[in-house]
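The structures come next, written out as structure tokens.
Next come two complexes built around chain A: one with chain B, the other with chain C.
And now, the complex of A and B:
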């Protein structure tokens, strides 16, 4: 058993080294200085308190998205529609804030209502993908993907149409909300909100506990492993799937609500910022393990924030972060396959 | 709008459907063999960038297309190795590849952003090009559009009218039966995944050297096309002719949206750009709903005559994927 875990660690390390090697080759091919690029990413992520705080700001939505995805993955579902669920969360939050901002309701209550509205929005959008799968036979990957594009269209239409800034509508989003409706941040200039951070950590903790220690988690696992067998054993399968979609949607919607209330203070065109797709990668790299998801998500957030300066300093595209993340996940998947092949165990 | 303008517009519909056709038919071949290649969206971007870069560097359009096919085949090889040899989930590997290829195309394509290069010229077919109406529509296209017509017919004949095509269907439907009859299932799957990937890879250079010439990074407007291609593959029921119908329908509706835009000033252009996607969901709903259990149950309650009619319509629309799609083959 010890030997097994040792070879597993060795293979993982080999995968990471190979991934870095490939990324370095890619940089050389693009005539980018690899060492300078790596140094720039590291400095861009931990070089000062400000950028480190930005990493935490990016960690929050990524962690929430990953937490939700762990639920759908457990049920055997590929919830690619999570991007749209984040967007709808942001849209519902904005809608609630706009509706109540002129009223006499206390700001704290408005904020709470807005966050709940975001969770409802995310859940509804997720259940739409779930309904398409359950009642329409549309694979959740394609249903979800289509709904992502619909969500971004709806978002754009709102920003350029009914919710446009007085005068001229622009890609910079809707009119910012008054500071009374912002989530409290560590300093007035910062975008880091301690309450958002606590919510995200509570979220992943909740999912960890739910999947490990509850009856519901166990049944969800049964549905994910073998839908037919679970059904025959009396687990209401489609209800479980639908519920896991809704739960994931709640987490996604929460991420969207936090982006609006604590990061941007308004609705912007690409409000989901790709955190949903990135969450899918985090879940895969963490091998669908909730305990590992938090550090992996932190690392991916650091890569994203660290590469922001690349275009300015090195005239390289910031998509380098995505290249690094992609090669890492790819090689870890390959290493997992090699290990299964060597130990003679089939894919799970 | 005069007839000439409409004809030129429709000819453009055929041109812009060509990359969708190469993509969907390449994917059809791969999926017929039992391998879903979900990397399409990123792959098209990477092949578009790679093809354009190769043409810029060498001045040769042919090399640009070869580069696209090569990259498409290479990405498919990675997927085949991971899913057939290492038995990892096709969906997982495909999804990672689609994101990785997209970011690779943006990163590597950064230096050639906005560069102008050669583009595919139209090839008038002598005599036929002068037929009134039809000439404008069909015979003043570029070579890849002509090839896309041939591809539909050729691949259909291959899949449904030849022995290797029968075997291709066999390894996707009942691999164990094909294996018992002496077919090397996994080797054939490798072959068809790579061939399908290379054909689909051509979709990239068709964009960057013809339909939307050049490389403009994130604003190329190509991001998302690969997902449409995958949806067309399903809509097409893994049949080249039906896939062609899907590609032309999609391309036609996109053109219609463009034509109608001035008449609908209230709708921002960003919304019209994503209009195809709800359409994609609806079409997938139409072709899949016949598979849902509750439909069958509620149909049983309908009166005899009405039921027959509904069942007929559902049957005509319905598609079923190859039975072994997505599952690795194990000889036992």
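And now, the complex of A and C:
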């Protein structure tokens, strides 16, 4: 056991080194000074209170998406449709805010209703993917991918159609909501909301506890590892899959709701910001372990925010962070595959 | 082509599939290979056709030692195998399926291949349209296509694995005529089957395999009883049988019909009472698994009624059957019965279920420890279930059974287990019977069927025999029934009744 975890750690370290090496090669090919670029990423992520706060702003939706995905992964499902679920969460939140903003309902209550609406929207969109799988025989990967396109089309249609700004529709989104309907942030200029942060941390903690210590978590795990045996042992399998979709959708919708209420204060075309796909990578890199998800998500958020500096300082594209994240995940998965091949064991 | 196999050995994990088999087949000969499931027939043929590599032993073609590295290599050497499920491409047109295995240029010459296909087909009186789709063909026609394809690729040795399963009588006659004419042209035919009648009718000589070894050979005129004895081993002295005291009715089937992927079961009726043990015998795929799974609601019946303890359960799900006290233990323990990656303790929690949302780990471990002791499982509560040996996995499945059960359905309960585990497991099952449960089990081991059953149901090609009292049933008679012989007697009985 000890030897196993040692060799695993060594392989993981090798994977990280290889990923850095490859990213360095990419930078050299793009005529960028690698050391300066890395320094900029680090400074861009922790160089000041402001950028550090931005890392936390990115951390919140990423962590929520990852928390949801851990549930579906446990049930053996690839919920690619999470992007669309985040989008629908944002759409439902916006819809609720628009509906109530002119009413006499207290702003705090409107905000709460909007967040709940976002959770419902995400859950409904996720259950659609689940229903397609359960009743229609459509693999959740294909169904989710299709629903992502539908969700983003719906979002664009709303922004450029029924919810467009007076006068001219714009890529910058719908009319911003009045500050009374914004989630309270640490300073009025900041986008970091302590309540959002608390929600995200509570969420991942809840998922950790649920997967570890409850009957429901154990049954999900059984369904994910061997659906047939779980069924024979008396677990209602498709109901559990549906429920895991719904739960993941709730987390995704929550992420969308927070994007609207505390970050952008309106609906924008790319409201999901790719946090769903990034969440898939975080979950994989964390080896589907809820305890590791928070630090890995923080690291990815830091990379994302840190690389924003690159275009400004070095005239390099900020997608360098994506290169780093992608190669990192690939190499870690590769290291796992190599290890399994060497030891001749299946998944551990 | 003369084919010789010399002391072929092949092991899969702990199972010795071929334990030093030597066999030589001259050209122009139709060689029959007989044996029950798991006797090693398929493994031996897959070694000859390049699917597997033997651990030991050698293959000689025309007296020359040859190493066959792959099926493609085998066909290049002139060895073609027709698999039990034809290895064809249902979404293809016949002509494309035909061409696929052929090495050649970038662009296949469809027209020439089509002409050659037609010429070959005409030679054997097959009627195959090159432009038709493969999925419109019957199993028999797909076989014909496969035979033509192998001949076209230059096969001189043709291996057929259970070719008569799933084809009609006229197709079978045509197949046999084809095989005889091919043998007449100097081809070597190896015919693998468990059907005594077919082998006796067709083959010039027969080799019988049992438990990975050559049990004997025979030449015409064949004696059925001698073949059966070779297939299933000598008679074994059976231990004292415990006669059941049948109690209340547990399971009743009335005119049940089931549609399987390959065969249909029609109009099956019988009744099982508390305390009874019913053995289901037959070659794999004869219908016994379908029937067993429909007694648990895992396979939907298409006609008739399934009753559990006086409740009509027709069309209900397995979980509804479970609530009526039915349990189903699959043959594939680790694939279907247990969840790899979960510990023993987690399995007990999973099957016991409920009692609040949170798992009490300490109580679960204690409960698991108790069950592990009771069932004599070699493992700790925290061990993952895949770390258990086969015998311990089967004990684990038994330990997972609920306390109150009315009907236990088992597929191959002791397959791959040693004597000690087998005796232990049957001891536990008999305890359940004494507590009022009924048992239905499938086994390929005829001794086990006769030893533990009160009554036996024999299956052959989707037909089910009447329930035969195990007392007074001999291994020979059972073997004949499994091979499809002696079924006329039942028809006469029903006619008289």
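We adopt the following convention: the second predicted complex is superposed on the first by the 347 of 348 C-alpha atoms of A that agree within 3 Å, B and C clash if a C-alpha of one lies under 4 Å from a C-alpha of the other, contacts with A are read in each partner's own complex, and residues count from 1 in each chain.
Going forward, a contact is a pair of C-beta atoms (placed from the backbone, for glycine too) under 8 Å apart; a residue touches a chain by one contact, two chains touch by 3 or more.
Bear in mind the structure is a predicted one, so any value in this text is a computation, not a measurement.
With the two structures aligned on chain A, chain B clashes with chain C. Partner contacting the larger number of chain A residues, of chain B and chain C: B. In the superposition on chain A, contact is made by A:228 with chain C only, not with chain B.
Of the two partner chains, neither chain B nor chain C is touched by A:188.
Look at A:167: by the touch rule set out above, it reaches neither chain B nor chain C. In the superposition on chain A, A:213 makes contact with chain C only, not with chain B. With both structures placed on the common chain, the touch criterion links A:141 to chain B but leaves chain C unconnected.
Steric collision with chain B, judged by C-alpha atoms after aligning on chain A, is confined to one stretch of chain C among 97-105, 367-375 or 421-429, namely 97-105. Taken together, the two structures place residues 346-347 of chain A in contact with chain B in one case and with chain C in the other. Chain B contributes residues 38, 78, 81-82, 85-89, 91-93, 95-97, 99-100, 102-104, 106-111, 217, 224, 227, 230-231, 234, 266-268, 270-271, 274-275, 277-278, 280-281, 284-285, 288-292, 294, 328, 330 to its touches with chain A in the complex. Across the complex, chain C is touched by residues 213-216, 218-219, 221-222, 225-226, 228-236, 346-347 of chain A. Within the complex formed with chain A, the residues of chain C that make contact are 318-319, 322, 328, 330, 335-342, 346-347, 349-351, 353-359, 361, 400.
Those residues of chain A whose C-beta lies close enough to touch chain B in the complex are 26, 29-31, 78, 80, 132, 134-139, 141-143, 145-150, 152-153, 156-157, 160-161, 277, 280-281, 284, 315-317, 319-323, 325-327, 329-330, 333-334, 336-338, 340-341, 346-347.
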